[in-house]
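Down below are the structures I want you to see.
Two complexes come next, and they have one chain in common, chain A, joined by chain B in the first and chain C in the second.
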Partner chain A sequence: MTEAATTAVNTLLAQTDSDIASYLEACVHCGECAEACHFYQATKDPKHTPTYKLQPLVKAYKRHKAPLRGVLSILGLTPPEVTEDELREWEPLVYDSCTMCGRCTLVCPMGIDIAGTIRKMREGYAAAGIVPEGLTRARENVERTSSPMGVTAKALLAQVKRQKAETGLEIPVDQDGVDYLAIFSSHEIMASPEIIGGYAKIFKKAGVTWTLSTAAYEATNVGVQIGFGPLARDLVKRIVDEAERLGVKYVIAPECGHAYGAIRWAGPNLIGRPFKFEVIHIVELLDKLRREGKIPPGKKDSRKMTLHDPCQLIRRGGVLKEPRRLLSDSASNFVEMKGAGIANLCCGGGGGVSANERAEELRLKAFEQKLKQIDDIGDIETIVIPCANCRGVFEDGLDEYESDYEVIGLGELVAETLRED
Partner chain B sequence: MTLLEFVEGPFFYFSAAVFIVAALWRLVGIIRIGRKKDIAPARGSAVTGFFKGNLRHFFPRGLFAQRTWMHLLGGYGFHLGLFALLLFAAPHIAFAERLFGIELWPAMPRWAFIIAAEISFAGLIVLWVRRFSDPVMRLISDWDDHVGSWLTFLVMLSGCLALQEAHDSLRILHMGLVNIWLIYFPFSRLMHSFTFFLSRGATGAVYGRKGMNP
Partner chain C sequence: MASYDVNGTAVEHDEEGYITNLSDWSKDLAQVIADAENIQMTDEHWAVVNFLREYYDEYQIAPAVRVLIKAIKKSMGPDVGNNKYMYELFPYGPAKQACKIAGLPKPTGCV
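For the complex of A and B:
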């Protein structure tokens, strides 16, 4: 075994807890998961079958960790050692053709969480340095600036200045003694900074005290996407340290599905202790403020709209009803697409796939499925997408397929449709 | 000791012991690997999620059922038929009553046995044919899938042949195959009969903590 293979296998085995073991033991090779995977549906290539993507882990587990392996080994029935060549052969399946969207779990008769298992597999790959170039570059950017797109605090402050000028509202930065710390994804800061002004408008209306921080402004967690635990922990810790230094009661996770999962569900486990504050998703917060009557809706937007369900927020995050309640309050012509909600199709670019140039062709094929889902509704003008990464993937895909749907964030829509004083 | 007495006696006891000990070993082994405690604040109950997850995955999701109907029919048909045969076939009940010395439930009539066997055979054949006719299934299937299918098929076939209990040779064949099947079971993918509870439960518990259950 090469050093890389040994490192990968050892890490894979260390990541295999009883949950993962039960998944690997229960799979009956029924192939149902292929029917739920947008990459298989887009290509009809059997290698994109979700359970097939787990093969190196399955082999390592059966050889080194599975109960009764001793008896099977005597009979020569354990699989051979996983090789570096094999790991490299599987690498595109682990990184390019899985967005960790979790749709396969819905159809699996055994309830196997393949997305979560791929996440663990990526730990083995990252430890061995077998990672796509695009994600390696994102990691280097993060280590340099904390942002995968290289967004610096200076760039954030420039955007804040513009938003202050546009809205005429105060946008607090590095202010302690407030209730909320807002963090954003790089994509939001650079491509749709109006959301910063949107927050200012909404929070002023609600009477909420909040701040941005120049020490912790980036929510994207490349460590989680690549599967590199130490980096994932450092990125979470940066936010936690700053939030606790400022003494805020809440950290607001932005409209970015995986960033929410990284800080809300994985975060405390990554740093090994509970936070001294609560994590709330911006959609949850907006819904809460609306139910409390603090941000009453005004005139509804009359464009024909649909909602894209970001996988990590809806299917894997549990924030299902909130975006729909907010949309119903804000849009007079909101229509659901077929399969909306828990089973909705992924955009094709989650889980780091959008940062991985090698996966572009496959991602666009997968996006075509999503586009068809929207085309099938008919006459849609605007797609509301409460995830900055999905929004970027949509913008690329709509451009590629020459489609002219408008995409907007949910926070942006709520800010635009607030009741005027 | 006749050969029939041997396969229904010592050989069966040995096979049953291997089955019970190895299956328990495997299940306990999986659980003993352990998992770290999840310290993210829960939005719902993991315990409730564990059981909900188990129930939820018994039923197909409508959106996907349109695509996977053949597999669903095969899967449900085979498993339901098999359980009916295993638990309600007259010779099985008689065997179990002799083994445990207690009176069990009434057997199903012969016509019901025939229907259950036909449904079960049809389901098993559909599932097995798909293993080599469907490109996805062909890629992901291994020798264990085929051995498990064939052993189960032969156990069922020999059971039907021995239904009348008219020929000792057929009963010997059936019990011999049952014994081999029992020994093979805990070392193979047939263990999904038990491990499904753990995998569905694990996912259900994670989602249960998040206050949802997809």
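For the complex of A and C:
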């Protein structure tokens, strides 16, 4: 075995706890997960069957950890050792052909969390250094600046200054004694910094005290995407340390799918203790403030709109009703697409896939089905997408298929349609 | 390591053609890189390259294509800041080629 293969197999086995072992034992090869996967649907190639993507892990488990393996090996019934060539052959299935969207998990009749198992499998790949180039570059930037794009505190402050000038509003930075700490994804900070001004407008109206922090501004977690637990933990800890130092009651997770899961669901497990604050998604917070009457809606936007369901927010995160209530308050012509809600199709670019150039062709192919869902509604003008990464994936896809739908964020829409005093 | 030849001086670049020492950049070098990329530099190309130099100066970020086009749209208007026009100028990817010519690192997107 090569060193990389040994490292990968040892890490895979270390990741195989009782949950993963029971998942691997439970699969009945029914194929439901294939039909659920947007990459299988787009290609009809059986190699995109979610459980097939797990094969190197299954083999390592059967050879080294499964019950009765001793007897089975005497009979020659255990699989051979996983090789580095095999791991490399599977790499595009593990990183390009899975967004960890969890649609396979949702439909599995045996209750196997296939998406979560891919996440564990990536630990073996990351440990062995078998990782797509785009994610490796993102990781290098994160280790230098905490941001996958290399956004520094200086860059954040430059954007804050511009937003202050554009809105004429105060944007607090590094302020203690406030209730909320807002964090953002790099893509928001650099591609749609207007959301920072949007927060200022909304929170002023609501009477909410908040701050940004130059020590913890980045919400994305490349450790989760790449599958490297220690890095995922460090990135969560950076936010936790700063939130607890500032003494805030809440950290606001931004419109970025995996960032929400990373801090809200994986976070306390990663650092091994509960937080001294609560994590609330911006969409949950806006909905709460609206129900409390603190941010009443003004004149509704009349464009014909639909809502995309970001997987990590809706399916994996459970924030299902809030975006719909907010949209109904803010737009007079909001129409759902067929298949909307908990089981909606992924955009094709989550889970690190959008940062992986090698995956581009497959991602665009998967997006075609997303586009069809929207085309089928008819006469849509605007797609509201509460995830900055999904928005980027949509913009790429819409350009590719020469479609001219407008793409906007939900916070942006709420800020624009707020009732003026 | 491979290098560009700028009036007899060697300027090192990585395997994809991005210069390794960002302070080596000059307008003459930009012209040499553009030649290697088969790009005929016009005023329109220079406007994007100069924008990127200023952008990098302010943010220390080599912007990926979506971020670049939005930033250009904001600063130079929608006639320049759109996908079609930018791909006409830099057919092998506006972010990648323009960053290379502007002497920036290879751009990275969000995750």
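Simple rule for what comes next: the second predicted complex is superposed on the first by the 421 of 421 C-alpha atoms of A that agree within 3 Å, B and C clash if a C-alpha of one lies under 4 Å from a C-alpha of the other, contacts with A are read in each partner's own complex, and residues count from 1 in each chain.
One rule holds for everything that comes next: contacts are C-beta pairs under 8 Å (C-beta built on N, C-alpha and C of every residue); 3 or more make two chains touch, one makes a residue touch a chain.
Here the structure is a predicted model, which means the values were calculated and not measured.
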item: When chain B and chain C are modelled together on chain A, clash or fit; value: fit
item: First, second, both or neither for A:H281, with chain B first and chain C second; value: neither
item: Partner chain in contact with A:T16 - chain B first, chain C second, else both or neither; value: first
item: Touching partner for A:P67 - first (chain B), second (chain C), both, neither; value: first
item: First, second, both or neither for A:A138, with chain B first and chain C second; value: second
item: First, second, both or neither for A:T152, with chain B first and chain C second; value: second
item: Touching partner for A:G339 - first (chain B), second (chain C), both, neither; value: first
item: Vertex chain A, arms to chain B and chain C (CA centres, degrees, nearest 10); value: 140
item: Which of chain B and chain C A:V28 touches, first, second, both or neither; value: first
item: First (chain B), second (chain C), both or neither touched by A:H187; value: second
item: Partner, of chain C and chain B, that touches more residues belonging to chain A; value: B
item: Superposition-derived minimum Cα distance between chain C and chain B (Å); value: 23
item: Contacts on chain A seen with chain B and repeated with chain C across the two complexes; value: none
item: Contact set on chain A toward chain C in their complex; value: 134-135, 137-138, 141, 148-152, 154-155, 158, 185-187, 190-192, 220, 222, 225, 258, 352, 354-355, 388-389, 392, 395-396, 399
item: Interfacial residue positions of chain A with respect to chain B in the complex; value: 16-19, 21-23, 25-32, 34-36, 40, 46-47, 49, 51-52, 65-68, 71-72, 77, 102, 105-113, 116, 264-269, 272-274, 278, 315-318, 320, 339, 342-343
item: Chain A contact footprint on chain C (complex, rising order); value: 58-64, 66-67, 70-71, 83, 106, 108-111
item: Contact footprint of chain A on chain B as seen in their complex; value: 22, 25-26, 28-36, 38-41, 43, 53-54, 56-57, 60-61, 63-64, 67-68, 71, 75, 130-131, 134-142, 145, 186-187, 189, 191-192, 195-196, 198-204, 206-207, 210-212, 214
